[in-house]
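The two complexes that follow have subunit A in common; it is paired with subunit B in the first and with subunit C in the second.
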Partner chain A sequence: MKRFLAVTLGILTAIGGFVDIGDLVANALVGSRFGLSLAWVVVVGVVGICLFAEMAGRVAAVSGRPVFDLVRERLGPRAGLLNLAASFGINLLTLAAEIGGAALALELATGIDYLLWVPAVGLVAWLVMWRVRFETMERVFGLAGLALVVFLVAFFALDPDYGELGRQLTHNPSDDGAATYWYYAVALLGAAMTPYEVFFFSSGGVEERWTRRDLGVMRANVFVGFPLGGLLSIAIAACAATVFLPQMIEVGTLGQMVLPAGLAFGQIGLALVIFGVFAATFGATLETALSSGYSISQYFGWQWGKYVRPREAARFHATLLVSTIVAVALILTTIDPIKVTEYSLVLSAAALPLTYLPVLMIANDPDYMGDRVNGRLSNTLGTLYMILLLLVAVAAIPLMLATKAGQ
Partner chain B sequence: MVALLMAAPLVAGCASPAWDDADYGSKAGATAEAAASSVALVRLAVENEARLTRPYLQTLLTETATELGGVDSQFGAVQPPSQAAVAVRAEITGLTSEAAERVRALLNEVRLREIRDPGKAAADLAALGDRLRAFAGEQPS
Partner chain C sequence: MTGRVLHAHLHLLDRQVVRADGRLLCKVDDLEIETGEVPYVTAILAGPLALGPRVGGVIGRLMTGTTRLFRPEEGPAPPRVPMSLVAEIGGAVTVGGDVPEASLERWVRDHLVDPLPGSGGGQAGAGAPRPVRRSEVPVRDRLSSLVGRRVVDRDGGPVGQVADVQLTQDGPLLGETTQALRLSGLVVAPRHTGQLFGYERGPGGNSPALVRVVIRRLHQGSRFVAWEQIGDAGDPIRLTEPRAALLPLEELFTRGDASASA
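Let's look at the complex of A and B:
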C-alpha cells in the first residue's frame, strides 16, 4: 500500500511538474493561431521526453551518478564544455522566463505590477532551495501544479465544437505561411523536450538515492506522469482553439492565456488557474535554478546536491544564488517575460541534440550500465529521435529569423 | 549563439520600411488585424466582467492597452511612400488610437470601481472591431 501511494504521488507530481511557462505560452499561442493542427508535435515531444528521461533515470538508478556527471568523463572535457555552455545558457534564459511567469501570475492575482514581484520571487525561490528538503520541494510544487487540470475541465465546460477541433487535427485553419507553422512546431517541441527536465530528472534521481529497485517507480513516473502532463498541454491549446481562434484573437500575454478558465468557471476557475500557473512556474524556477547548479558542479567535479548540507556544497549553492540573481536582473530590465520564453524555447530546440546525444551514448555504455543498457526498441527510437532533433536544430534559428520570431 | 540571441528580439521588433503602396497597405492591414484581435479580447472580457476578478481585469486591460500602444507606434514608424499611403495611415492610426482610448477608458473605470455599462461597452467594441476587420479586408494581403 505504501509503495502504491509512493508511485501515485510520484505520478501526480510528474503531471503537475510537466507544465511550465514554456508549455503554457507555446500551447496557448499555437491553439489561438493554429487550433489543434500542431497537437501532433506535443505527442512527438512527449514520446521523446519519455524516451530520454527513462534513459537518464535508468543511468542515475544503475550507476548512482547523473548523466551529466558522466558526460565529461565519457566525451572528454572539450565536448563536455560545449555541452555545458549551451545547456547552461539556455537554462539561465529558461530560469528568467520562469521567474517572470511566476511574477506575472502574482500580478494577475493582485493587480500589482509584476516587476515588483520579481525580486520577491527570486528571494523566496532561493530560500526554498536553501532550506526545504528536495522531496518536499518537488512534491509540494508538483502537486500544486495539478491545479492546471482546470484547463482540461474548462475545455469540456466551454462546450467546444468537437467536429471543428477534430478537423483541425489534420487541417491547419490558419492563413499563416508554412514557415510560421513550422516555427511554432519547433517551439512546441522545444517546450515539450526542454533540456532542464532531463538534467533535473537525472540529478533528482541521485538526490532521492534511486537504485535498481526504484526503476519501476521511475518508469511509472515517466510513462504515466509525463503523457498525462502532455494531455494538459493539449488541453491548454484546445481551450485557446475553442475560445480565441473562432474570434480571430491571437494571445500574447499570460493574462490572456488564462481567460478560458475564467469564462468557463468564473472567479473560482480564474483563481485556480492563476494558482496553478504560479505553482507550475515557481516549481520550474526551482528546477531550472537547481539544474544550473547541477550542470556546472557536475562538470567541474564539485560537491553538489541538496542531500548534503549547504556548507559541504558551497560552490553548488553559490551557483544557484548567482544564477537566480542573474535571471532576476534579466527580467528587471523590463524585457517581456513572454518573449524571453519564446526565444528560450526556440534556442532550446536548437540545442536539443547536445542534451540528448550524451544520454543516448551513456545509456548504451556497458561500463556504466552493465546489463541495463538500452534495448533494441530504445536504441531504434533514440536514433530516430536524434535524426529528428538534428533536423530541428538546423532549422530552428533560420525559421526564427525568416518569420521574425513567428510574426 | 549569444549574438543570435541578442539579434532575435531586434529582428522581431523591427518595423521594416514599406517599398510601395501595396507593401504599405499590407502592413496597415496587419496592424488593423492585430488591433482587432486586441479589441475582440477586451470585448470578451467586458462581456464576462461580472465573472472575472478586478485585479485580473485590471491587468488584462493594462496589457491590452500596452499592446495597442505598441501596435500604433510600430506602424507609425513606417514612412508612407505616397500621398495615397498618407491617407491610409490617417485612417488606420485613427482606428487604433480610438481602440487604445476605449481600452484606457475601460481601465480607468475598472480602477475606480467597475465598468459602468458593460453591455454598451461590449457593443461599442464589437462595432470598432468590425471596422478594423473591414479596413484590414480592404488592404492588399
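Let's look at the complex of A and C:
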C-alpha cells in the first residue's frame, strides 16, 4: 500500500511538474496560430524526454552519478566547459522566464503590476531552496501544478468542433509560411525536451538516494507521468485552438492564455487556472535555479545538493543565490517575460544534443551500468533521436533569424 | 600476476572524487606522475590550477591566472590527493583519510553562507586544518602533458598523437598494500580527432551501432605503444621501433579478449 502510494504520488508530481512557462507559452501560441497541426511535435518531444529521462534516471540510480558528471566525463574538460556555458546561460534565461511567469500569474490574481512581484518571487524561491527539504519542495509544487488539469476539463466543456480539430491534426489551418511553421515546431520540441528537466530529474534521483530498487518507481514516473503531462500540454493548445483560432486572435499575453478556462467555468475556472499557472511556474523556478547550481557544481566537482546542510555545500548555495539575483534583475529590466520564454525555448532546442549525447553514451557503458546497460529499443530510439536533435540544433538558429522569431 | 589495467582518460580523468562518507570532494582534474625509471601515478591534482592548462586557450589561462592572483605564495600548486588514499576506482573515485577541502569552498562558507540565517552552522569549521601548500607541480609531471603529444617512430616518421595513456596497477608499493598505477603504454590516434569515448575499447556491450561506427571510423588506424617501445619521452615522443611494428588497437582488444576467455 505504501509503495502504491509512493508510485501514485510520484506520477502525480511528474504530471504537475511537467508543464512550465515554456510549455504554456509555446502550446497556447501554437494552438492559436496553427491549431492542432503541431500536436505531433509534442508527442515526439514527450517520447524523447521519456527516453532520455529514463536513461538519466537509470544512470543516477545505478551509479549515483547525475547528468553533468557524465557530460564532463565523456566530453572532457574543454567541450564540457563549452557545454556548461551554453546550458548555464540557457538555464538562466529559463529561470528568468519562470520568475516572470510566476509574477504575471500573481498580477492576474491581484491586479498589482508584475514587476512589483518579481523580487518577492525571487526571495521566496530562494528561501524555499535554502530551507525546505527536497522531497517536500518537489511534492508540494508538483501536486499544486495539477490544478492545470482545468485546461483539459475546460476543453471538453467548451464544446469544441471536434471535426475541425481533427482536420487540423493533418492540415495546417494557418496561411503563414513553412518557415514559421517549422520555427514553432522547434520551439515546441524545445519546450517538451528542455535540458534542465533531465539535469533536475537525475540530480533529484541522487538527492532522494535512489538505488537499483527504485528503478520501477522511477520508470512509472517517467512512462506514465510525463505522457500525461504531455496530454496537458496538448489540452492547452487545443483550448487555444478552440477559442482563439476561429477569431484569428494571436495569443501574446499570459492573460489571454488562461482565458479558455474562464470562458468554460467563469471565476472559479480562472482562479483555478491562475493558481495552477503560479504553482507550475514557481515550481519550475525552483527546478531551473537548482539546475543551474547542479550543472556548475557537477562540472567542477563541488559538493552540491539539498541532502547536506547549506554550509556543507557552500559554493552550490552561493550559485543558487547569485543565479536567482541575476534572473530577477533580468526580468526587472522590463523585458517581456513571454519573449524571454520564446527565446529560451529555441536556444534550448539548439543545445539539446549537447546534453543528450553523453547520457546515451554512459547508459551503454558497463563500467557504470553493470547489467543495466541500454537495451536494443532504447539504443535504436536513442540513435534516431540523436539524428533528429542534431537536425533541430542546426536548424534552430537559422529558422529564428529567417522568421524574425516567428513574426 | 598482472595488475588491473586502466586507461587514464577513460577511467580516471574528469571523474568525481568522493570521500568515504559519501561527501563530494573534487574532480580528477589531472594526475601527477613520477617520471623516473618506472613512471607511475603519485597523486590526483584538483582545482583550477590543474584544470586550467587542460582547458587551454584564453579561458584556461584566465582560470589559472585568477587563481594565482588570489594565492599568496610564489608558484602555487594545485591541491593534491595522494594515490595511496584512493580506495576504489569506479564510476567515482573514492578516497579515504582526511583530505582538506578546497579553499574556495571554505572562503564562500565563511564569508557568504555562514552569515546567512539558517545555514545550519556555527563555528564548526574553524578548527579544521587548512590545506597544505606545496610549490608548483611542473608541467612535465602532469599526465595531461602526455596527451595530445606527437609521436614519431624510429626513423622520424609520424605515427600520430597520444589519445590516452594505459595504466597498469603493478607499480611500486604506495603505503601498505596498494600498488601504484604504472604508466604502461600509450594509445596513439593518427589524427587529432578528439576523445576516444571508450568506443575503441573493443566490443563493449550493445552500444548504439551508429555512434560506435562513427567514432571507430574517426579513430581508424589507432595504434598501441607499449612503454618499453618508447625511446625518448620528449616532445615529440620518439619510439625505438618502426611504425609497422606497433600493434593496431583492434588487435589489442581481440588479444585481450582471447586471454580473458582462456
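Everything that follows uses one rule, which is that the second predicted complex is superposed on the first by the 407 of 407 C-alpha atoms of A that agree within 3 Å, B and C clash if a C-alpha of one lies under 4 Å from a C-alpha of the other, contacts with A are read in each partner's own complex, and residues count from 1 in each chain.
Operating definition for what follows: contacts are C-beta pairs under 8 Å (C-beta built on N, C-alpha and C of every residue); 3 or more make two chains touch, one makes a residue touch a chain.
Just so we're clear, the structure is a prediction, and the values are computed from it rather than from any experiment.
After superposition onto subunit A, partners subunit B and subunit C are found to sit side by side with no clash. Of the two partner chains placed by the overlay, only subunit B lies in contact with A:Tyr343; subunit C stays clear of it. Of the two partner chains placed by superposition, only subunit B is touched by A:Ile397; subunit C is not.
In the superposition on chain A, A:Gly64 makes contact with subunit C only, not with subunit B. In the superposition on chain A, contact of A:Asp365 is made with subunit C only, not with subunit B. In the superposition on chain A, A:Thr253 makes contact with subunit B only, while subunit C stays out of contact range.
Once the two complexes are laid over each other on the shared chain, residue contacts for A:Gly262 go to subunit B alone; subunit C is not touched.
In the superposed pair of complexes, A:Gly216 makes contact with neither subunit B nor subunit C. Contact with subunit B, but none with subunit C, is seen for A:Gly89 once the two complexes are overlaid on the shared chain.
In this overlay, which is a superposition and not a single complex, subunit B and subunit C have their closest Cα atoms 16 Å apart. The contact sets of subunit A with subunit B and with subunit C never meet. Residues 1-2, 4-5, 8-9, 11-12, 14, 33-34, 36-37, 40-41, 44-45, 48, 51-56, 58-60, 63-64, 67, 133 of subunit B are the ones that touch subunit A when the two sit in their complex. Residues 9, 11, 13-17, 23-27, 29, 46, 51, 54-57, 59, 90-92, 102, 104-106, 108-109, 112-114, 116, 118-121, 125, 194-195, 197-198, 204-211 of subunit C are the ones touching subunit A in the complex.
Residues 86, 89, 93, 107-111, 243-244, 247-253, 255-256, 259, 262-263, 266-267, 270-271, 274, 335, 339, 343, 346-347, 350, 397, 400-401, 404-405, 407 of subunit A are the ones touching subunit B in the complex. Those residues of subunit A whose C-beta lies close enough to touch subunit C in the complex are 63-65, 69, 72-81, 130-131, 298, 300-304, 308-312, 314-315, 317-318, 321, 360-361, 364-368, 373-376, 379-380, 382-383, 386.
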